[in-house]
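Before I ask anything, here is the structure I am working with.
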Amino acid sequence: MVPTNYYLLLSAILFGLGIVAFVFKRNIITIFMAIELMLNAVNLAFVAFSQALGRPDGEVFVLFVIIVAAAEAAVGLGIIILTARNRRSLNVENVNLLKL
Amino acid sequence: MNELLTRYAFLIVPVVKIAILVFIVLTVDAYLTWIERKVIAHIQSRWGPHRVGPHGLLQPLADGVKFVFKEDPMPANADKVAYFLAPFITLMLALTSLAVIPFGPQHFTVFGYRTGVGIADVNISLLVLFAITALAVYGVALAGWASNNKYSLLGGLRSSAQMISYELALTLSVVGVLLIAGDFSLRNIVDQQAGSGKGLLSWNVFPQIIGFVCFFIAAIAETNRVPFDLPEAESELVAGFHTEYASMKFAMFFIAEYTSMITVSCLATIMFFGGWLSPFPDSWTFTHYLPSLLMIPLGLWVFFDGVRYESMFGRMVLPVVGTVITAIGAGLIVFPAVNDAIQGIFWFLAKVFTFLFVYIWMRATLPRFRYDQLMSFGWKFLLPVSIANVVLTSVVILWRMH
Amino acid sequence: MPILEHLWIIPLLPLLGSAINGLLGWKWPNKIVHSVALSATGLSFLCAVEAVREFVANGQQTFRREFFDWIVAGNFRAGYDLQFDQLTVVMVLVVTGVGFLIHIYSTGYMAHEEGYYRFFCYLNLFMFFMLTLILAANYVLLFVGWEGVGLCSYLLVGFYFLKKSATNAGNKAFIVNRIGDFGFMLGMFLLFRTFHTLDFTAIFARAGPLPSEAMGQFGVLTVACILLFVGATGKSAQIPLYVWLPDAMEGPTPVSALIHAATMVTAGVYVVARSHVLYLHAPTAMYIVAIIGCATAFFAATIGLVQSDIKKVLAYSTVSQLGYMFLGCGVGAFSAGIFHLMTHAFFKALLFLSAGSVIHAMGGEQDMWKMGGLASKIKITFWCMLFGTIAITGFFPFAAFFSKDAILFAAFNSENGGKALYAVGLLAAVLTSFYMFRLIWLTFFGAKRYDEHHVHVHESPLNMTIPLMILAFLSLTGGWFALPALLGGKDYFSEFLAPVLGSGEIAGLENAHNLELTLSGVAMLAAIIGLVVAWRMYAKDVKEGKSEGLHKLLYNKYYVDELYHAVVVGPLIWISRNVLWKVVDVGVIDGTVNGIASGTTAAGDTVRRQQSGNTRSYAVWVLVGALLVFAIIFWPILRPALFGGVW
Amino acid sequence: MSAELVIFFVLAGIAVFGAVNLIVQRHPIHSALSLIVVMVALAGLYLLMGAEFVAAVQIIVYGGAIMVLFIFVIMLLNAGEEERTNFSKLALYAGIPLAVAVTGLIAASMVGSKAAAALPAAAPDTLTSTRALSTLLFTEFVYPFELTSFLILVAILGAIVLAQREN
């Protein structure tokens, strides 16, 4: 039996790492991955709670999160391709004109 | 000692089973190559391999030795990690996917640890299978990217695109079956197909014929086989993603391909063709003697063929093999219990091998798709049809309910 | 369709007419415009009649309905509630009827004016607001009508907005009314504070049982009533706020007839009568009303004596007649007041319209000293005018005879100083008949004092004269409700209004009938005196003498306007120019605004640097935000987690 | 130290290692691979908790679709190692402490909360059956569920519009 707190702690740590990655990576794609990492951390917390409470609602939310993440990835990567095509660079610090 | 065994049975038994399975699968893979070459050769009215051993039966062995002893170069400024990782990922996943497939109906208990024919018997085996096949993309993609070569990169891109595209169709095509079975467990899906012992009439392939067609096509594409073998299109990409690979790493890709062929055939068998169920009604008990009826003539033919084989080696080996086969066939008649026990596995293997034969047959027959054709076929035909199949099935099920 | 159930139709029709004319009329020929306006008013008149029929058919039960909520805030509710009782019957008939006639008249009078559609749009709008005012079942809705008619009066007085004097007059009317309305609003607030509602029925139901406040005691009710009356003085031109009405004559004559004689200016009287329950509990307030009314009646009459502008004369006579009405209300004879209101609506409208017809005939000339001898030229107008004059001066058996007598009778019998009130009222009656007959003689008899080559006098068209005749008939017969009272029977009018206003009977009065007869006789005498004096002075053709002394004082209206200007307007303007404009506006307000603007710019300059477009710094900002949010949300959990419950 | 605990720690270790590796690695492909490792580890944790369907979906969708897209794009753009530019001093200096603070806050608020403490340990034997999950999905959450389909449609359109070349 694993205490729920362990899962929560793990998810917090992963989330924090996601934040760090988000702030510190310069490659757009990697930053995007950092977002995915944070989403995963949240999912972990969701599942942990839903298991602890013995109600599947949390898992439903996880499914929703995954769906949203998929949509987000589709659009986001499209944008990234476009920016890379126009800027000739994937470094966010070169992409600071607030437009494609 | 004994209680120690019972204590750690949950660890030991699977390990042993894995070892056995891997050994069997690798052998089957090896001889599958032999069968493939032979069959294609005969279809193209050639002899195929016949130098190494009688009927070239030792060819796979020779190939294996060759693979092991070949030089293994690494391309200049290739990505070391990925280049190294790719084949392992591929092979590992291919083998893992076999773990959840049940090969027979039986359950037996070893050291108080109850287990079935097949390594793991999880209640979501199908999902696990799909999860693993989903990951299979990485091997190819990474291989293509890591080997730092235009052709390889293109091959990797192609294959990843193709796999993603056809995975949708693959998954959706079995949803119909899932709706009928209402369960993710392959074992239960098979049992549900047993119906009321009317034999093949209650198999899923009849209500799910559309689903089956979609599944089979998607499966071929998923395994990068002809006519969907664009990732390794020799004529355009000089073998695509594994151009830069040689010796054992190449062998891994090779084995992985054949293993996944087997996996997919098993899956098709289980999902649509009643797995280990006999096609005949249960009332026809005499069909239980079919295995021996098959094996005895085979054995005899091998025997007599071997007696007058040109090479000395063949004249020595083949008769022995023939007698062994005949003996087994006879033995099955003598011991009905054993006979009954192997029925399921027999039918399972029979179906699987039929599928494998179809694979090979197609490779010998069909030309390769063009890339855009492949894509448009996958997205514009296969996906809609399988979705339509899902809708149709669910409607019918609802209609049955009320 | 039962109109009573759909009472809102009556006000709605004029509103529709106004909307249609106002939005589309500018491209329409006059025919369509006035047919729209007329049909709107006429229909609402018919509806009113039908409503009255149903009302009577229902055994005169007060009909009250809340049609929809307008303002609901807490326990305060002001809905679009209409009510229909005897008082409303009188008012609605007068308003729609006279209004309709005046509409017809206007089609002739305004025929050649610019902005024909504008005129009728305003007129219909006025009808709408007036009907809202009299149908309203709570003070708030009534106040809507109240302000609305004020607006229309402003618009119509300034109808010739190219004339400076006209616009000034409009502004004056509006501003002076504002002062009154301020009082009215305070009154409403006080009432709400006292009764927690502004519904007539509710307020009166709660005020009924209250003990009547003693004379000279300024309790809540008294103050409220006085405040309401302040509003009334504004709207119905009583001392000290009457000054706007004479100037309001700048407007077209039909407007003067409808708004500034027949309907709007009587709104004050209506309000006082409507809230008579409160007034009956506040004798002080009633006394003030009576005194103010009486004073105004006399005061305005004196000014009227010497005016040379025909409309000004009528204007001042209106003021004094309104004074009569307030006198009636003040001495408790509310029904008499309303009665006079009705009759006055008839004959004053008649007088104004005939004056208008005269002016029309004279081609826009309003100075009586430039008229004379018109009787033979414009017979119909002359006779109608004469009827009106006889009616207002109160000869038997014309309208004012009954109404004015009822008022004077009540005043005579009222306690504390009733006799004095009566005397002043009587004097005012004398003056009234004097200046009215002066008007008649100056206008219609004697030598022609105008140049016939330029002015060729002509009778007005039918659509102007027919309303005159109808009104003449009404002012002849309008008072006959009270005829039986004179013959010892009972007064049908006050009888009819009794359910609302209570019977105007003075209790414990022996042989009231004989007294009443004598008093009417005296009134007749007063009228005759006035007539004779006027005849003596103006029958022979007279020149306009130069005015000095008392005449000059009267002619300049006691210099009240100048006084107001010196005391109120001047300082106000001075303050607003030197303090409000130069200090407050330029210094404070503009300073603030500019300060804010420059501050914003500065802040923007500093904040702009953060908008670097660098995603990573944005990420950090997001992080900061998230940190704060977390800290806020989880503070209760965090405190033990972080500080181990040290805090 | 029960078997589950061991498994948990192993998987958690893998996950954290993957996450750290994501940050450390300078080549996007390696980051992506480490992220995949994290996801697989999380899937294992889900299985450990008995949420087998979510685990499967995690791998199929995240591992099999989304991350493949990432790698696909990386290969397509032929992204090299990220260069070490530093335009945002803010990110450099304020980033770490803030991140740590937020992590600490989240951890403290979730773990330190009475509610979380009161929770029973996640019981692996109580498998939330996929059936129950789907029932919930199609009864209580049916509107959001349908909405997600719209979301995906929109996303597809957006991706197509973005990705097509101007011509």
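The letters A, B, C and D name the chains in turn, as written, and every chain counts its residues from 1.
Definition applied: a residue touches a chain if its C-beta (ideal position, glycine included) is under 8 Å from a C-beta of that chain, and two chains touch if they have at least 3 such contacts.
All values derive from a computational prediction rather than experimental measurement.
J.: B-D versus A-D: which interface comes out with more C-beta contact pairs?
T.: A-D
J.: Kindly work out which chain lies most centrally, taking the average of its C-alpha atoms as its position.
T.: Of all chains shown, the one whose C-alpha centre lies nearest the global C-alpha mean is A.
J.: Let me have the rounded angstrom distance from the C-alpha centre of subunit A over to the C-alpha centre of subunit B, please.
T.: Here the centre of subunit B sits 36 Å away from the centre of subunit A.
J.: Distance between subunit B and subunit C based on Cα centroids, please, to the nearest Å.
T.: That pair's centroid distance is 101 Å.
J.: What whole-number Å value describes the gap between the mean CA coordinates of subunit B and subunit D?
T.: Comparing mean C-alpha positions, subunit D is 32 Å from subunit B.
J.: Between subunit A and subunit D, what is the gap in Å from one C-alpha centre to the other?
T.: 6
J.: Can you list every residue of subunit A that touches 2 or more other chains, as numbers and ranges?
T.: In subunit A, 19, 23-24, 26, 93, 96 touch at least two other chains.
J.: Send over the residues of subunit B in touch with two or more other chains.
T.: Subunit B, residues with two or more chain partners: not present.
J.: Quick check on subunit D: which residues sit in contact with 2+ other chains?
T.: Only 53, 65, 69, 76, 87-88, 91, 95, 98-99, 102, 106, 111 qualify.
J.: Where do chains touch, given as pairs?
T.: A-C, A-D, B-D, C-D
J.: Using the touch definition up top, name the residues of subunit A that touch subunit D in the complex.
T.: 1-21, 23-27, 29-30, 32-34, 36-37, 40, 43-45, 47-54, 56-57, 59-60, 62-64, 66-75, 77-82, 84, 90-91, 93-94, 96
J.: Flag every residue of subunit C that touches subunit A in the complex, lowest number first.
T.: Touch list, subunit C to subunit A: 612-616, 619-620, 623.
J.: Please name which positions on subunit D make contact with subunit C in the complex.
T.: Residues 87-88, 90-91, 94-95, 98-99, 101-102, 105-106, 108-109, 111-114 of subunit D touch subunit C in their complex.
J.: Which positions of subunit D touch subunit A when the two form their complex?
T.: 2, 4-5, 8, 12, 15-16, 19-20, 22-23, 28, 31-32, 35, 38-39, 42, 45-46, 48-51, 53-54, 57-58, 61-62, 65-67, 69-70, 73-74, 76-77, 79, 82-88, 91, 95-96, 98-100, 102-103, 106-107, 110-111, 116-117, 119-124, 126, 128, 132-133, 136-137, 140-141, 144-145, 148, 151-152, 154-156, 158-163
J.: Touching subunit D in the complex: which residues of subunit C?
T.: Checking each residue of subunit C against subunit D gives 612, 614, 616-617, 619-620, 623-624, 626-627, 630-631, 633-634, 637-638, 640-642.
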